[in-house]
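Notes follow the structure.
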Amino acid sequence: MGHAAQETVVLSGHIIDSLILAKVLDTILMMGGTFDLEEVSIGKTRNESSRARIVVKAGSAKLLAEILRAVQPHGASLEGESDCQTRAAAADGVLPDDFYATTHLPTQVRLAGEWIDVTGIEMDLGIVVEGNRSCARALPMADVRRGDAVVIGRAGIRVLPLQRPQERDVFSFMESQVSAERPHGHIISDVAKRMEALRQGHRAGKPGCKVLVAGGPAIIHAGGREALTWLIEEGFIHVLFCGNALPAHDMEADLYGTSLGYGLSAGRVVPHGHEHHLRTINRIRGIGSIEKAVESGVIKQGIMAACVRRGVHMVMAGTIRDDGPLPGVITDSVAAQAAMRKAIPGVGLALLVASTLHAVATGNLLPATIPTVCVDVNPAVPTKLSDRGSFQAVGLVMDAASFLRDIARELGAQA
Amino acid sequence: MGHAAQETVVLSGHIIDSLILAKVLDTILMMGGTFDLEEVSIGKTRNESSRARIVVKAGSAKLLAEILRAVQPHGASLEGESDCQTRAAAADGVLPDDFYATTHLPTQVRLAGEWIDVTGIEMDLGIVVEGNRSCARALPMADVRRGDAVVIGRAGIRVLPLQRPQERDVFSFMESQVSAERPHGHIISDVAKRMEALRQGHRAGKPGCKVLVAGGPAIIHAGGREALTWLIEEGFIHVLFCGNALPAHDMEADLYGTSLGYGLSAGRVVPHGHEHHLRTINRIRGIGSIEKAVESGVIKQGIMAACVRRGVHMVMAGTIRDDGPLPGVITDSVAAQAAMRKAIPGVGLALLVASTLHAVATGNLLPATIPTVCVDVNPAVPTKLSDRGSFQAVGLVMDAASFLRDIARELGAQA
Amino acid sequence: MGHAAQETVVLSGHIIDSLILAKVLDTILMMGGTFDLEEVSIGKTRNESSRARIVVKAGSAKLLAEILRAVQPHGASLEGESDCQTRAAAADGVLPDDFYATTHLPTQVRLAGEWIDVTGIEMDLGIVVEGNRSCARALPMADVRRGDAVVIGRAGIRVLPLQRPQERDVFSFMESQVSAERPHGHIISDVAKRMEALRQGHRAGKPGCKVLVAGGPAIIHAGGREALTWLIEEGFIHVLFCGNALPAHDMEADLYGTSLGYGLSAGRVVPHGHEHHLRTINRIRGIGSIEKAVESGVIKQGIMAACVRRGVHMVMAGTIRDDGPLPGVITDSVAAQAAMRKAIPGVGLALLVASTLHAVATGNLLPATIPTVCVDVNPAVPTKLSDRGSFQAVGLVMDAASFLRDIARELGAQA
Amino acid sequence: MGHAAQETVVLSGHIIDSLILAKVLDTILMMGGTFDLEEVSIGKTRNESSRARIVVKAGSAKLLAEILRAVQPHGASLEGESDCQTRAAAADGVLPDDFYATTHLPTQVRLAGEWIDVTGIEMDLGIVVEGNRSCARALPMADVRRGDAVVIGRAGIRVLPLQRPQERDVFSFMESQVSAERPHGHIISDVAKRMEALRQGHRAGKPGCKVLVAGGPAIIHAGGREALTWLIEEGFIHVLFCGNALPAHDMEADLYGTSLGYGLSAGRVVPHGHEHHLRTINRIRGIGSIEKAVESGVIKQGIMAACVRRGVHMVMAGTIRDDGPLPGVITDSVAAQAAMRKAIPGVGLALLVASTLHAVATGNLLPATIPTVCVDVNPAVPTKLSDRGSFQAVGLVMDAASFLRDIARELGAQA
């Protein structure tokens, strides 16, 4: 088999100790191509950057294109770059056929010879060029409007591989850990240290210091309500993503002392206690909003009370399994996604706790630069998240309540 | 401790071999009450019904009320029943404070001295009395309108415990099985027999013979696409509940031969293949609908093609993790729930496959009388479903593809 | 189909609120038999016992025998009992063909017209009659000796269904709870209360007050070492079943501060740290025994140190995945089982923590009368245990370290 | 912090596309050292090998030693190698304190200036030099004898990093896949192709062509008995590692048509059917051996019958959860490990199916050069195995029966 097609790509940065060069070469071979390495210069110290020119060869132009598409997210950009190309969207909500689909890594496009940062980067979006080709932003498919200049093809686009972070904590390692059999202590301790630092930063008005929690109702079933409430009250949490169930169970606990009919303190199953859940939702619907329920003193304690009092930015998203739902729940999934997206700028740490749906949905919206911890008793959830392939996603197989209580204890909560 | 309060309840039907009497007595004791059994008459054969009068005693009126609320779902109705009471809803979407919350069991209310069936029964709804107090139907909280006559309290309401089904198949046993270590063969064989019989019934125009599948995208990832397509084409499936991902992956497989970037036949991971997923959704958005994509020949094979051609009733519900979404996906969760609810009458068997969200959401909408199978590789999902506590929910811990292929083979598919 | 065969069985005791009558009738029907209920007398209060005579009918003598075998473990004994029958074992380690296989419920055999308790009851053993037919004990297959009088058939044997315990704690309910989504708090609190009471009893010399822990190495990986050490030092644990790995990791933590190469305090993975594990084992082998290692001051702290100092009865059983193994590990599985069996009399509570192998092996040895808690992050393990079908096995889906630390905190440990 | 200590190491081979260089640099940084890269020469094509000299620097001699220990398993050997050092073992079963602990990678020691292959390599053993320092073999701790010349320290030892295999099948990729959501089809197809090729090789008398199955009883519970029997009968399996339960359930299925009391064909749970299990074991004990039971016609079909007839090399290892056990089960875990170890030479593919214990135990014994597939419905098991970190361990989250049936179908079995 001859090599019908070849192209030269360039890699630079910390391509050795970030495994980037290795991954690129591996991908080429795996997909059936071959390569010549030219001009490899490797930084001799930790701080010097490295650079490699790689001639990629493939048996057909089609295969070559596929390989180039596959290595591009690792930062391999075509040598001799030209400006990026755009095409006008033909209809609202529909991208051109050959639109460029983003990764969650920092991305630049070349416009008039200059590399411009794409704003609002997140996975699986299109890129729209605006302002007379002076700026570019990532855009969900549904938000594109007829006539928008959408980036197409692969030329003039480059992805910046993540640098390994300076701190030598749990977020700086190569492999995120998801095993139930590994010790959690140091991970929790590192996360707590980040939270402490972020709280200080946030109080000092520093940007990028918000902490996001995306959580499911198992937090409450399993006994993590007090810990999460404490963390909110102490100013450690600034954004909360959840569904209908977490707030409903939280307020049920306040009104009835149960969660889905399970007594939380007295500790007895109350048969048909699911009623409490419904009555709670119905009651808040009658009052009109969670805010009013807290302010009027109907809801006195717990996560919702703390969120309202501390001004936490809450996004509640509805699903087809909801009862009610509670007032404030955004039932339209596109609108809810947009509200979540809007709440992300400024987030410096994301904790995804005990909710597959919210973990994956939030994971999709987070740029790779935001350190992320995914906690679930089911190992499949952290695995799913860590498949995203960045240094920053750390998985933890443990129950939500134990995680939150350990974090709270590290940060100074009693008992 | 004296007995400040007592009340007599009556149980009748197959209360012995359905464990009903035992559960009622157990609940009374567990909650701190005591009982005297009066006039127990036990049917001497399988077909004779039994009857028991139980004097329930408790230390306080409050505890007695709680106990009566807890035993009522088992069919224990108060002796000397009066008509049910109603109260007008004070606002749209809000039930009166003491509304009666339904179970998923057949339920009757007493109106003008007569026991009337409540229509549209499902779990966790209110009951509205209509037609000049001649009929009653179950209603979601959000659908109640100001002034509706909502049933309140517990008097004049009775729940009919399920009879054990006549067939001696997997649906007729006391405990649904969820262990990964139990043999699946006979369960699959029983399910297949039901499906065969239901297809015959459905073809003959018999009511209650539809088969519902609620499924997640793992069906496709894991290799169950061909089997499900075959089942639809052969007329075994009549209703399909899914999200955005299952149809997107199905059509991606048709257009690109991949599923989330995993090659399905050639069998290689295509890096950054998530693009195919996005391009598929974008393409169908451009075409305008799945139906048009099938009819115009763009989509040629697979689950969607089969559904369109066989007229399967599809409800696609959106979530916050969706890309796109596809045209036809109902993004509002309340509207999607309503569409699912509308599709359930006529269903005689429900298969909940590889989707926690759809399994739980569909489970909530199904009356206890519809035989249900929940299949998931994660044992937590069937456990969640079988917590519903009816004879009919059978759990199966196995991967979705293997299940569907085994079912298809039992029903005559090749390979 | 006529009824070729019938037999009358008698049930007595708390057969209603223990579900026993219901289960017996259900089993008869499920297996294809029918029944007539004769002379049902039901205790009118909690303390009165009930009694039922059931005529069991089946289409063949073989089926009837199978049904009788199936209902017997629920306490259904044949009317008109005769003495039990025995046959001499033909060879060492081999029971007669039709030997009676025990359940884990209290069992009696009739000898010379009198019902005699079978000693040493546990699941799946034979029964040997001794002392000139004056006593009977349960015996593992491998321990039977040629000529032993082994009980055969079903006549003259009765199983006593468990009474529901008097305490209204987590052990007294009908269904053991295994869901990860249910609150753990009250279960842990009930277990802690039992442990407190048992410690008092044990200190006062009361029999049946030992607490058994059977545990796996995940206790240490996940950070539960300090809590378990504290519980042992404070006198809450009296018997420990484990393998080679738990003591090895415990002593590795003492010698090197790591567990399988994971730093426990500094919190960093030490590559190839598995070496520490090997060096620990090798070192203890050199010293000769764990006891000597503790007494000589080589091992200063942790679970092993506490066990040696507090005189905890340890049984360490080897497996094919062991390195070493440590001195004291019983490598022969039959000998290890015998050592475990010997340690069980006197146990009043069993905690099976984070080890499928030890949980199942210990579960097999425990009579149904010993309250048992099974803790594992994998829901399949508690499910397996609770399949045993007694009131006493409570499942808890949570990680071992969190469980032990919560228990220790309930019992007064700091932090 | 100055650099109190430094040392130069050399890496050579396919150190780029095997990620080896990246991992070594990462490890150095992670542990707190720094490095200078000197003389990096990178092979320009797939077939040329690369070479790097790395100056490793650390703040203390102790840290330097730890880092060198950590990078050595990746193939980093000290420049200017001298011969390896040995010390005589002081007692039977105890290695010298500073013994070298093996990895599962091909290893050489330098003796009299020459690099000699260490035979019998597997993880976590010592190395003994024999034959007047002409050869070296890996030895379990328990097998070392007083006076044996055991390799100590790190000098004169090198580990050869694995080459990526030539075939482009599932075993040649960087990351083993364990997700339940990835397609299994191509993995199964690749495994089947290997098995076909190995059968041909084995029939032709080629070495290294045996296929090993290490399996648990879930194979039988879940319905994989026929498929495994077929594979054995057709000559695809040559070595079987199992416990007491798999053969007992297999023969129970033959004698009674049940597995742990679950009917396999008729498909009904037979209450207390655990008896069948016991009676099966007792019967085989009476006969004396599985071989005799097959040869005498008592056992007619199934896995054991096929193994006996086809001369499969079986190792049955006992555990503390066994009933009986069956004759032939090796109850001593050290002896069983030795028997397994003896059966491994000649194995060219290992399938670890539905048994955590056997998967881990076998995984410990396998050199990294043997392609290995680990199949379990619980994702934690393949994760545990793939933590071993070689190219060759492929994880598959699916149930055992489906796996075996799919493999059998790929290899030509009917239905």
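Per-chain residue numbering starts at 1, and chain names A, B, C and D are given in the order in which the chains are listed.
The rule is simple: a contact is a pair of C-beta atoms (placed from the backbone, for glycine too) under 8 Å apart; a residue touches a chain by one contact, two chains touch by 3 or more.
Keep in mind it's a predicted model, so treat the numbers as computed, not measured.
For the pairs B-C and A-B, the count of C-beta pairs in contact is higher at A-B. With every chain reduced to the mean of its CA atoms, the largest distance from subunit D is reached by B. Averaged Cα coordinates give subunit B a centre that lies 37 Å from the centre of subunit C. A straight line joining the Cα centres of subunit B and subunit D is 45 Å long.
In this assembly, the C-alpha centroid of subunit A lies 33 Å from the C-alpha centroid of subunit B.
For subunit A, residues touching at least two other chains, in rising order: 30, 173, 180-181, 268-269, 378, 380. Here subunit C touches subunit D in the complex through residues 27, 30-31, 66, 69-73, 90-91, 93-95, 97, 99, 101, 103, 123-124, 141-142, 268-272, 274-275, 277-279, 281-283, 285-286, 317-325, 331-337, 340, 356-358, 360-361, 364, 378, 380, going by the rule given at the top.
Taken together, the subunit D residues at the contact with subunit A in this complex read 16-19, 21-23, 25-26, 29-30, 32, 34-38, 40, 42-46, 164, 168, 172-174, 178-181, 379-380, 383-384, 387. Residues of subunit B that touch subunit D in their complex: 173, 180-187, 189-190, 217-218, 221-223, 259-260, 262-269, 377-378, 397-399, 401-402, 409, 415.
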